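Chain nomenclature is as follows: A, B, C, D and E, assigned in order of appearance, with residue numbering initiated at 1 for each chain independently.
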Amino acid sequence: MGQLPNLLLAGLSTGSVYALVALGFNVIFKSTGAINFAQGEWVMMGGMVAAAGHAAQWPLGLAVLLAVVTVMVTGILSERVILRQLARPGPLVVTLVMIAIAICTKSLVMLVLGKNPASLPGFSGSTPIDWGGLRIHPQTLWIIGITCLVMVGAHAFFERSILGRAMRAVAAQPEAAALCGIDPRMAMALAFALAAATGALAGAIITPLTLTSFDYGTVLGFKGFSAAMLGGMGSLPGALVGGILLGSLESLAGGLISSHFKDAVAFLALLLTLFLRPAGVLGKGEVERV
Amino acid sequence: MNAGRIARASLLAVSALLFAPFALAQGAIRIGSILSVTGPAAFLGEDMKAGMELAIEEINAKGGVRGRKIDWFFYDAESQTQKGLTATRRLIDQDKVDAIVGGGNMSGMAIAMLGLTERAGLPFMSTEGAMDIVTPVTERQWTFKSTADDEQVMERLADYFAKKGIKRVAFLGDSSGFGQSAAGQLKKVAAARGLDVLYESFNPSDTDMMPQLGKIKDSGVQAIICWTVTPAGVVFLKQAQQLGLDSRLTLIHSYGFVDQRYMQLAGDAAKNLLLISVKFPVGADLPDTDPQKARIMTLTRAFEAKFKRKPNQFVAQTYDAIYLTRNAIERAGGTDRAKVRDALAETRNWAGVGGVFNFAADRHSGLSKDDLVLVNFRDGSFHLADYK
Amino acid sequence: MASLQIDDLCVDFGGLRAVNALGFTAAEGTIKGVIGPNGAGKTTLFNAISGFVRPSRGSVRLDGIDISTLASHERASRGLSRTFQNLQLIPDMSVLENVMLGSHASLRAAWGASLLGLARREELAAEALALEKLELLGLADRSAVPASDLGFADAKLLEIARALAGCPRVLLLDEPLAGVPLEEQNRVVEIVRAINRTGVTIVLVEHNMRVVMQVCDEIVVMHHGAWLAEGSPADVAQSPEVIAAYLGTAHGAAPGTAPGTTQGTAAGAAYPQTDAAGHGTRGNHA
Amino acid sequence: MLEVRSLRAGYGRAQVLHDLHFSIAAGEFCALIGANGAGKSTTLKGLAGLLRPIGGTVQFDGEPIERLPAARILRAGLALVPEGRRVFGPLSVRDNLQMGAFTRLFPRKDPGTARQFEFVLETFPRLRERLDQPAGTLSGGEQQMLAIARALMSSPRLLMLDEPSMGLAPLVVQQVFEVLANLARNGLTLLVSEQNATAALAFADHGHVLEAGRIVQSGTARSLRDDPKVREAYLGI
Amino acid sequence: MSQAFSPAKQCERRLATVAVLWIAFLAWPLLAGNDYVLSLGVYFFINLLLIGGLNLLMGFGGQISLCQAGFFGLGAYVSGVLSVRAGWPPHAGVAAALILSTVSALAIGLPALRLRGNYLAMATLGFNAILTVLFTELVGLTGGPNGLSGIPPIILAGVDFGSPQRFYYLAWAAGGLCMALLAVFLSSRAGRALRAVAASEVAAASMGINAFNAKLLAFMFSAGAAGLAGALYAHFNQYASPETFNFSASVLIVVMVALGGWGQYWGPIFGAAVFTAVPELLHKFQDAELLVFGAGMIVVLLFLPQGIAGCVAPIATRIAAGMTLLARTRATRP
């Protein structure tokens, strides 16, 4: 049982990343009602671009910034150039188009940045910090810290800023929002930019620990979606709770039951949660849905 | 009624495309290859493809085999067994190749493919690792492989442990065919050599090995053997370092992990790492008496000239495979499948770049533990750590 | 033929009581009108009768049998059909199939049987019945087009045809005239009467008072979810409470002081009007 | 101020409005009355830019606006309080009001907004008490007040309201119309669509009767109120 | 257009077309020339089962399932494991696969179909994930990541269906049966009910339709079709490996339903044709294959919202009308 703190810490750090991915799912779900299957690819792309930037001798901070900006532009372009062409952008069609965009994104990253796995150095080295017998990789702290910051920032954005509140207004009453002069397309573009940027950030901060490669996106997207559903689709705190719950479940199942079946255990728990509480742990059902 | 007609027409159009006439070199030898150059296994596939390309170019430049050039049919299996199987059918039935070299750089895929090649009676030179590809030989009449057997690898490791007085080790293998096969062999070897082994495993896509490493840490082993070809092996190194295991225990990676890129990704987490490998990556460090040294250096120069980068042992693996096949065809005096198969089985003492190959009717895997060395990674390249 | 009896029905949404202890009876073979101002709870009442919302109290009886615990599809199979104020057609299905849907409950073929195509005779009968209903409503020549191709008025008729195909004993019509052009309204009224003549009990919610007064045998007036008055059209129209409630505080009531909300503006804060060019504001408080 | 000429509009294949003609003078309190489905909401949505008309023209102060997006129409000074209030439930009352001034707050802050904010709170004192409450928790009447206040935040010159009486108790309806009448008295031009003809005609100056997508009758509120045909059609008496 | 319309007649027309088509498909082994091209025909029918089954659930029933590949794998492994490990005759394994996949759909559907939209997608996705883990980790049964090899070919009534030439007819029959069942089902009371549920559960309930039953039936049918496809796949390849049946495969099948034509009867034919042929056709793009595929998918989704069937079907109808007219004028000519 001595490894329990280690397992929980590992769960917390993977869970934080799941939470960031889930945040992206939630933002796009709120503005389109669709499941954004490209979210995982954006995470992967964030890691890959940051690594490429670092490999090209950019300072680490700049490389991460480059990744966030590049992926954000990709997100905005996906919305502007492709999604806007849809005659009737229902949730299902948007979901399907996002699958296609995910395929293209993955393929483009492979063609441009290559098939090799890539890595980044830890943001503050990789000398473990010793905390009463608990050896912590400093990147773990970065991950948890940045996730907290992003979550608080997102909360502040949606609660305080004009644009954030406008996005919530569009989600709550699209027609009334249009009557207030809020362009729903602006809100949509903003949602894609936000989701892509948080995705890229998630990719950049996890890369020092796990590496990244052009085919890492699918699994991350899959886990992030699960976390979003577990916490309650469309709920901001839900993303955090869902992500950390899923990360810890995986880690504990891996450590205490079997690393072979950890995914199965995690998903079984997820299914049970869904059946018992269909709206997710923190979901409020239809109250704040579009 | 007519929707159907169009469906039919489009199917016919598809078949027409598939039948597009191929420019067949008259009398050329037809060799088919399947590797994964996209998808998760693409990391190895690119190098393996390059090794084949180089070998075939060399052979054709020297006038081919008995005057017949090699016509090469390459398909990307995209790391998907289904794609590999379709490509195999295509090679057998449509391209009508004389031999297949390369099984998708995934052991599982090679095993799936050999069901078809065995039925078709087609020589298949696998470039994948798992022993199950060539055992039992009674069910693998037409299948050979150009890689070392895990049995030999484990024997070699056991020799090393004996030399260093290591008795208790942990084996941390990925759950793919590569890791499972090694675990199976280690069990046999360990029983015979009195090694005490703790077995743990992980999924190739895992990004966290803390649970396994935690258990290993508490178990008091002297060495950890990690068996994977995926980047998860880097995560293993980093997390082992995080737990301080790298300075206390002997960490060993498999021959599948001998890759500069992985070493660079691992950074200083790999500074105490040993890898069991064929001799190819440390060609320059070999004593001049080694029969392979000259060949390794030649290939390295040729590869660097063509691809502008350093070759690794995956290049060697497929380069040898093509040459083994070529030699067999030459000795068989043509492409008669049974004769080629027999000629392959009669390969003796042929020094390739990956080792000295000895096949036999009851042994379709050519390398032995003498072809294996332990290497480490220092100053940007691999160096010999333990020779014989 | 059947009667519909509502007793002490309450429906709550959160803290809001949308239907409040309502009770009335639609006698066999009659047309009962339900009227009331916008938001009086008429549609909620229909939803409660047909089982789409769960009442917090009270009962719905069909021929004396309490059906208030049944799921909506089970109520439909017992002969309680309805139409919807905002159409609920299946847009990409043909008009004919939409009507055939209506007879779903009266078909008996099991799922497996229909999967294997063993219910052909029944299918053909359902088809014939559907065509018959379409003819009754004058839509037979459009049976092949998708329902989404119909104009609003025709779509309303299609809903009625679909409800009829279930051979209902009680039919709930939710604003069958809303959106129907004037020149077609008489046709709808005639159809409603014709349906009633075949013995179907009808409960009708409608805003068009002229029509309600014409066709209904009896009218129940709802106000704020509660029963306000009931009786023959003539009685209801004369009732002073009805006039007062239904027509808003009667037109005699002068716009006097209202407590609470508007006190602050009694003096009339001037509206800070922007000028035509849209720059700045002009004036503020009085 | 507003000139509607041969306006045609609808949803998909269903045309709802057929050649609508009417006009509103500055400072007028105008009621658009008609039964459910007559096309009142469609008219207002068409004017506010939520629905692109199939044909016809709409001129606001002489400028054509029928092709403009909703935000541009709002900036031009024409605001709509939608049917069913449509307040932003999860947002606080204050945020709802700020969203009403979105076109002035974003991208740059407009100093007039603060004054407008004071003005609407003065007009609807109840809202001041509930500024930090989520709008979804307000009562129906309060929500209607909020919806009107929100629309006023953009300082419109013509305010349109779609069925403001819907689902409200008569007393509250009365209050709503009193506020509207007050606004009108202070110079705001108003267009109100109503099924509740009595209430609307009690306060409005002018009225247009809409039936099946056409204006069938127009006149002063008094003349319509006393018109037996209107009484029969809408009051059933 | 105003001629009398009859679902029963529509069903007959579809059945007749399927019959003609399937007779034409008999010519494939003659046209194919070699076993490889012939095997593409086999995959076409297997894909048809997968896509046709899912189209019923998603296209007509409006329920998103991300578990089609999971049921596909369940069928493959049930039949494969029973014949490899337990020595069952393959045809019994196929029957068991069909039954077990249907029953597991029932077990999953009972709780999951009470959820709507994305929640159903999530629940099915979770089930697929669990199945993938089981396929990979139950090494003793499934052979783990190396896959299950040595699955025997189907032998029915003494006929060995091991070769593609023979197996083709099995797959051909299964595909035809699936299309015929779908034709009959869609024109039946139950099929109408399902379509109504997709459009409006409220309307459906007011017609006396038990929406839950309708969805459950469609879910079981789609899983059964996938299970059958899986069993056929396993015995044809004599091999099964877990990555064929993962979440990405499920997503791809959903995409093929949409490309073929969402809720279009003929959609799965096109979807399966695309699914089978596209990898072969894009082969020459090598590394850019995925990009071309993704871009093609975007184009189809943007410009053919009804899928390929929705674009082809009207043309086909017009051609049919023209041909009938031509035939008539010819017939009336002296």
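In this text, a residue touches a chain if its C-beta (ideal position, glycine included) is under 8 Å from a C-beta of that chain, and two chains touch if they have at least 3 such contacts.
Please read these numbers as outputs of a predicted model, since none were measured by experiment.
Common neighbours of chain D and chain E, by the contact definition above: A, C.
The chain pair with more C-beta contacts between its two chains, of C-D and A-E, is C-D.
Centroid distances from chain E, each centroid being the mean of CA atoms, peak for D. At the far end from chain A, in terms of centres built from Cα atoms, lies C.
Chain C has its Cα centroid 46 Å from the Cα centroid of chain A. Centroids of chain C and chain E (each the mean of its C-alpha atoms) stand 42 Å apart.
If you average the CA atoms of chain B and of chain E, the two centres end up 37 Å from each other.
Shared interface positions of chain A, defined as residues touching 2 or more other chains, are 110, 260, 263. Residue numbers of chain D whose C-beta contacts span two or more other chains: 75.
Contacts with at least two other chains are made by residues 37-38, 175, 203 of chain B. Pairs of chains meeting the touch criterion are A-B, A-D, A-E, B-E, C-D, C-E. By the touch criterion stated above, chain D contacts chain A in their complex at residues 48-50, 69-71, 74-75, 79-80, 82, 86-91, 95-96, 98-100, 102-103, 105-106, 136, 147, 150-151, 154. The part of chain B that touches chain E in the complex is made up of residues 1-8, 10-12, 14-15, 17-19, 37-38, 75-76, 78-83, 85-86, 89-90, 92-94, 107-109, 111-112, 115, 130, 132, 175-177, 180-181, 203. Of all residues in chain C, only 37-39, 85, 148-149, 151-152, 175, 177-182, 207-210, 212-213, 224, 237, 243, 245, 247-251, 253, 255, 258, 260-265, 268-274, 276, 278, 280-281, 284-285 touch chain D in the complex they form. Within the complex formed with chain A, the residues of chain E that make contact are 64, 111-112, 114-115, 117-119, 121-123, 125-127, 129-130, 132-134, 136-137, 247-248, 251, 254-255, 258, 287-291, 293-295, 297-298, 301-302, 305. Only residues 50-52, 71-74, 76-77, 81-82, 84, 88-97, 100-102, 104-105, 107, 109, 111, 114-117, 119-120, 122-124, 126-127, 131, 141-145, 162, 166 of chain C touch chain E when the two sit together in their complex.
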